[in-house]
C-alpha cells in the first residue's frame, strides 16, 4: 500500500461508517449523493447531478412520491442543502464525475453503487457495527451488501487520482450509481451518457464469497434478469353474502405463483423464477379485489431470459383470465448477461498480482446472480470499449443481505490501491 | 313518530355524522366509546367501561400494541380525556349501560355495534357524505356498514328510555359493542357479563338489502364462522444464488389458497370459504421466508362449520408440509349460528306493524352471513331469555362495505321509535 | 295389489333379473332395447326404434365406434337379431311405444330409463344378486341404480295397460330412455318427438333414500347440470433433454382442476363443481402433450348453472393459456332444473294414498341431484302439458352407484300398481 | 468398412426393419429376445435367458400380468416357440451372450438396448418406414428411439466377433438389455451377473443430436433420475348428492403436480422434474377416489437428485394430506450419474478416428439426460473395470420419441465396424 493510500485509510473507514449509519434505498440516496458530490466538487472534479446523471424516464422501480418526499425530508433534516436537494427532485440521485488530465489519452471509468436495503440491522453487541457505534440509525434500512464500502472506495479513489493527475494522460470518470438493488438504475445512467466516450470501465464489488486476499479480475456468468410487478384487479365482494360477485385477485395471484414457479427448466442454461412478494386483500370476509406480486426471472443466456419473461407474462395474464381478473404488469428492474472483457481482465489481474496483500488472483469466475453493472458494461462494449467486473475478496461476518452483514474494512485501502494502480498503468504517460 | 323522537331527530343525524367523520377500527373505538360513555353518564345511566365491559383474554383479533397506541394518540388529539383513555388501555373499548326503574320487572337489553372498516371512503361529490361534509377524515377508514347509524340509534334510545323511565318497570341495558367486523368482541362482552340477567335482547342492523319501510323482526339463518390467521414460515434465500436453500412461504400460501377455495361444497347446508388477505416476502429476488393468510369459513349449520374449519386447518398444515414450511394458525374472530327467538320476534313484529312509516313487516328472514351478535343471543337463550336480531330497512347508496356506502337517515328516528315502543310495551307497568 | 299385478309379479322379478345379468352402458343398450321392443310388439304396441326414437345429432356422450361395435357384437352373440341391431346402428337405442284406445282423450306418457353403469358388481355371497345367481355377467358393468327395475316396471305396465285398454280413452305412451347416466339422451328423444302430443308425463325412479312404503309424488329441486369434456393439447418433449420445448397438458389440467373446484360458492342457490376424470400423458420422462378432463357443474337454479358453466369454460381456456396449451371443450351430458307439476303431483299423490302397501305419501321432495328426465318434463310443460317425477320408496342394500346396490323387489308390483291406477283414473271413460 | 461388414449390411438393415415392424415395450420384448437368442445360439454363443439374464426381484416398472400375458400371446402368434416363452415367463426378457476365445485375456462387453415406446408411428408416405413398408404393425407402439438399430448392430457384432474369434484372446460378452426406457432393467441385469468379470464395457446409442460422421467416444454428464408412481386414494362419492363425503384423489394429484413442477431450481447443477402421466376417476359426477401420477426427477449430481426425489416424495405426501387422501409411492425406474471412463474413451476415440466415414470424433460430450446404462457402467467401475457410453452420430428424420423418428441406416455398418475394430485392438493377440 502506498503512503498515499495509507494516509487515506482513516478517511475511508470513517466515510464508510458515516454512510453505514445513514442507509438510503434506491432513488432515495439524497444524503449519500450530496456527500459524494460535495467531496468530488471540493477535489475539483466536474460533477454531474440530476438529469445530467440519470435519465428520469429510463428509471425503473421508482418509489412513490410520498416515499421520495419522506426521504428528501430526512435528508434535509440531516443537513443537505435545499439547492442540492432541488437538483435531485423526484429521486434523481447518483453522480457522474470527470477529471481531465488535459493530455490526450483514453477515458478510464470506475463504477460503484451507493444504495442500501430494506433490512433491519442487528442491534446486539456481537454485531460489530452495533458494538462500534456505526450501525444503521434508520429503522428497517441497512447497508447489508457493502455499497457503503464501495462508495468509500470510490471517494478514496477520487483522492488518489487527483494526486496522480500530473502524471496521467486522458480522463478518469467516477460513476456513483443509485438503485443497484433490483436493477433499477444502470440503464438510466447509460441513457444520461455515463458510458459515452468511455474506453475502459471497471466495476467493483467486495465480498461475494471471495475470501480476503483473493481478487477476481473479471466476473462472467451474470444472470440476465427482469423484475416484474404484477397488479391483479378483481372485484371485491362480501365473502359471506355475495361470494359469487367477487373475483378474487388473491386466487389469481395464487395460480400465477404456482405457474411461475413451474417455469424453470431449460436444457440451454441456468434458469430462475421466483415470486418474492405478495400483498392483497383487506379482510378475511371480503373477496380480495386487489393483489400485487413482485417476481423475477433470470438466466445466464439472454435469449432464455427473454423467453422466460415472456412465459411469465403469459402466466400472469392467464391467471387473471382464469379468475375473471385483470392484470397490469410493470418492469421494476432488470439486468443483462454481459461478461467481463478478457483483455481488460488480464490487465487488472496483472496489477492485482503485484499488489501487496493479494495472495490469489482469479482471472474470471462465474457470478451466478444478477447485477445491472452489466448494462453499463454492455454499453461500453457496444461503443468499442472494454469493461470488467472486479471482485475484492474480504472476510464477511455474515452473508450479503443478512442483518448481521459486515466486512473486513482492510478491503477499503486494498480496493483503492488496486484501482489507483490500474489507472496509473493505463493512463500513466511516457513523459511522467 | 312521537314528538319526542321528532325532537331528537337532529341529534340523531348530527351524532351519526360526527361518528361518520371519525371511524375507528375494532378495539380502537376510543373516541366513539368516550362519546357514548359521556352521553350515557350525562343521562344518568350506570356505565361500565374497560374490563367491566369486555373480558381482555376473550378478545380476538386485537391489533398490535403499536396500532392501539396510534389510535389512542389520535383519540387524545381529538380531545378524549386521559382518564377515559386509561380505562380503555390496551383496547378495552365498548360500553355496557344500565338504567333501573326501581320497580320489579324484566331486564330488556339492546345491542348496537360501533366499529368501522379499513376502507377508503369515496371523495367525489356524487357521494353524499363527501358533498355534505361529513365524510371520513381518516385515510383508509370508513363507516361503510352503518354502525355509525346503529350507535346514533343506541344513543337516541338512551334519551327516550330516560324520558320513559317513570312509566317503566324492570331495567334496560344498552350494549355498545366494539369489533363486530370479523366477529372479535361479542364473546368478550358475554364473558364480562353483558348478558347476565337479561330477559330479552334486541340486536339491530340497518340496511342489508331490506328496503325502506320494511322491518325484519327476527333474522334467522346466520352463518357460523371462524376467521383464521395462518402464518407460514419457510426459509429465505437469495433467489438467484441459492434457490435450493429457500423454502417459499408464498408458495405454501398459494397452495393453501387454492386448497381452501376448493372446500366449499356441502349437501347439508350453506358453505363459504375465503382467503381474504395475503402478505408475504420482502423482495422479488428473495425466496420469501414469511407469508400470512387471513381467511374464513362459514356455514349455516354449526357442525358443517366445524368440519369446514377442521378441513381448512388441514389444508394449511399440508400446504406448509408440501413446501417445507411450518405454519401457525390463530383464531381471529368467530360467530355462531343462532336463530332469533320466534316469540320475541312476534312481539317486535307486532310493534313494527303499528309503527307509522313501516309498510311491511317480515317475521323472519335468512341472514345469509355472519354476525357475532349471535354469541350474545346464544348467551341470552342459554340463560333462559329470548333474543332477536331485527333489521331496519333503508335505502342504500351502495352495498355494505363499499366505498360509496350511505343510507337514508330517516331510518334513525324510525329505529329509535321502534325500539322505544318495544320497551314501552314490554316494560310499561299497569300503574302507569 | 290387483290380481292382475299379482299374477304379473313373477314376470316382473324375472325380467328385472334378466336385465340385471346383462347391464349395458348408455347408447349401448342393444340387448335391452331388443328385449323391450319385442315384448311391446308382442303386446300390440306401435313401437318406434332407431331414428324414430332418438335424434342422432342431439345425442351427447356417444361412445366411440369401437365401443359401439363391441357392444353390438355382444348383443348379437346374445341372440339379438341382425335386423333389430341394424335399426340401432351407431347406438340408436331406446324405444317409444304407443297404444291407442281409439277413443278421444288425452295422451298419458310414462318414462323409464334403461342404462347401466361402469361399475364392477360385488361377487361375494353377502350380495344377494350374487347369491341368487342374477349378478352381472359383464365385467365392470352393473345395474347399480335400479334402471333394471324401472325397465321391468315399464314392461309390466305395458301388460296392465294392454289389459285395461277396453276401458280407457285417449292414448298411452311408454318411453324407454337410454343413456340417463350422465344426462345424454333425453334431449335426443325430445327431438325425435317423444313428448309430442303428450298431455301428462310420469317419470319414475325407485330408491333414492325414500324408504319402503313411501311414495314421493312429484320431485322438485333438480340440479341443472352440464357435463364437459375438456381436451388439452400442449406439446410433448423429452423431459430430460428438452424440457423447455414441452408444454405440459397435465400442468394445464392441474391448474384447471384447482380453478374449477374453487368456483362453487353462490348466495342464490346450490352449486356444485367436480372434475371427475383425468387422463393424460404417456410416460414419466415425456412432457405430456395431451390431457383430458371430464367435469360437471350443477345448480338448482338454471341461471346459476349457466353462469357456473361459463366460468368453468373460462377456467379451462385460461388454464390452457397459462401453460401454452390449447383446449377443446365438448358437452357430454346435461339436464335442466324443472320441477314437477303440482297439479299432476296431487293426482299421483291421491292415487298413492289409496294404494295398499303405501304408508306415506310426500307431495314433493327436493331431489338434490340431476336427471335428464327434466328435459322431457320441460318439453311437456312447454307444450302445455303436465309432468311429474315420482319416487317409489324401497329398501336398498347399499346406496346408488355402489357395487353392492340392490333393492327390495316388492317395489316392482307396487310401481306397476301405482302407474296402472293413475292411468285408470286419468283415462278411464265414463262408459266403462 | 471391411468386406465382412459390407457383406453383413443387408442383414443389418433387414434385421433392423424386422424389429421396427414389431416393437415391444419393456419386459414384453418376447419376440425380440427370441430372435436375438436364436441368432446368437446359431452363431455358437453361450446364451443366458430368463433368471440367468435378469434378476426378477430387481426389476422395476414391470407391466401387469394381463399386459405380460397379452404380449406373450402376441409373440406366440408371431411364431415364438412355447419353450422359449416359458423361459421368459413373467417378463424375464433380455439376453446375455458370451463367446470365449479359450485364450487368456480380458473380458470385453458390449451393451445394446432392445425395447420400444408407447408411441403411435406416423403412417403417411412422407415417413420413410411407412413408405418403405417397415413401419410398426402394432398400434400405439413404435421403435422411436433407435433401439431396433442398436439390436441390429449388436447382432451384426455377434457375426463379426464370431469371424474374428481365431485371432482374439479373452472373452466377449453381448448384453441385450430390455426396459431401458424408464430405467427399469439395468440393475436387474447387474444383479443377474451381467457385469461380473467384465474388464471393459462399451454401451452405444445412435443419434442423440450427434450428426452423421461424428462419434462421441465417451459420454459424460448423465442425469441421475428416479421414476416414481404415486397412487392417491381418496374417497369416492356422488358429486351432486354428497360432495362433502368425497375426498378427490384428482385434486390431490393436481396439487402434487403443481408442487413437483415447482421444485426444479438448484445452483449446484442441472435439475428436472416432470409429471408425465396422470390417470384418475371414473365419471364426471363422481368425486374421484383414485388417481395415479407417474413422474420423474433428475439431476447431473447424485446428491441433488437424491434431494429432489426426497422433496418430490414430500410434495406427494403433503398433497394427499391436503385433500384428505392417502398416497402410495413406488419406484418405477432409475438411473445414476456415472461418467464414461476417460482411458477407455480415449481408446474408442483412437479407433473411431481411423475409421472410414468418421469425420469427427469428440472424446466426450455431456449427455444431458438419463440412461440406465449408467448402472452397468457403475458396476463395471466398481469391479475395477472401465466403461464408456459411445454415441454414433447419424441423420435423423425427427427427434427421438417423435412419431416420425427415423435414422440414416448407414450408421448400422458404421457401428459394427467401430465396435469390431475396438474388439480387435483390445483382444487381438500377438500371435495372430
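Chains here go by letter, A, B, C and D, matching the order in which they are written, and residues are numbered from 1 within each.
Note that a residue touches a chain if its C-beta (ideal position, glycine included) is under 8 Å from a C-beta of that chain, and two chains touch if they have at least 3 such contacts.
Just so it is clear, the model here is predicted, and its values are computed rather than measured.
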Which of B-D and A-D has more C-beta pairs touching across its chains: B-D
B-C, A-C or C-D - pair sharing over half of the A-B contact pairs: C-D
Whole-Å separation of chain centres (CA-atom averages), chain A against chain D: 50
Centre distance in Å when chain B and chain D are each reduced to the mean of their C-alpha atoms: 68
Contacts with two or more other chains, residues of chain A listed in rising order: 241-243, 251, 255, 258, 261-262, 265, 267, 272, 368
Complex contact set, residues of chain A against chain B: 118-119, 181-182, 223, 225, 227-228, 236, 238-243, 246, 248, 250-251, 253-255, 257-258, 261, 272, 274-288, 291, 294-296, 298, 332-333, 368-370, 400-401
Touch list for chain C against partner chain B, complex: 258, 261-262, 264-265, 267, 271-273, 368
Chain C - residues contacting chain A, complex: 241-244, 251, 255, 258-259, 262, 265-268, 304, 307, 311, 314-315, 317-319, 321-324
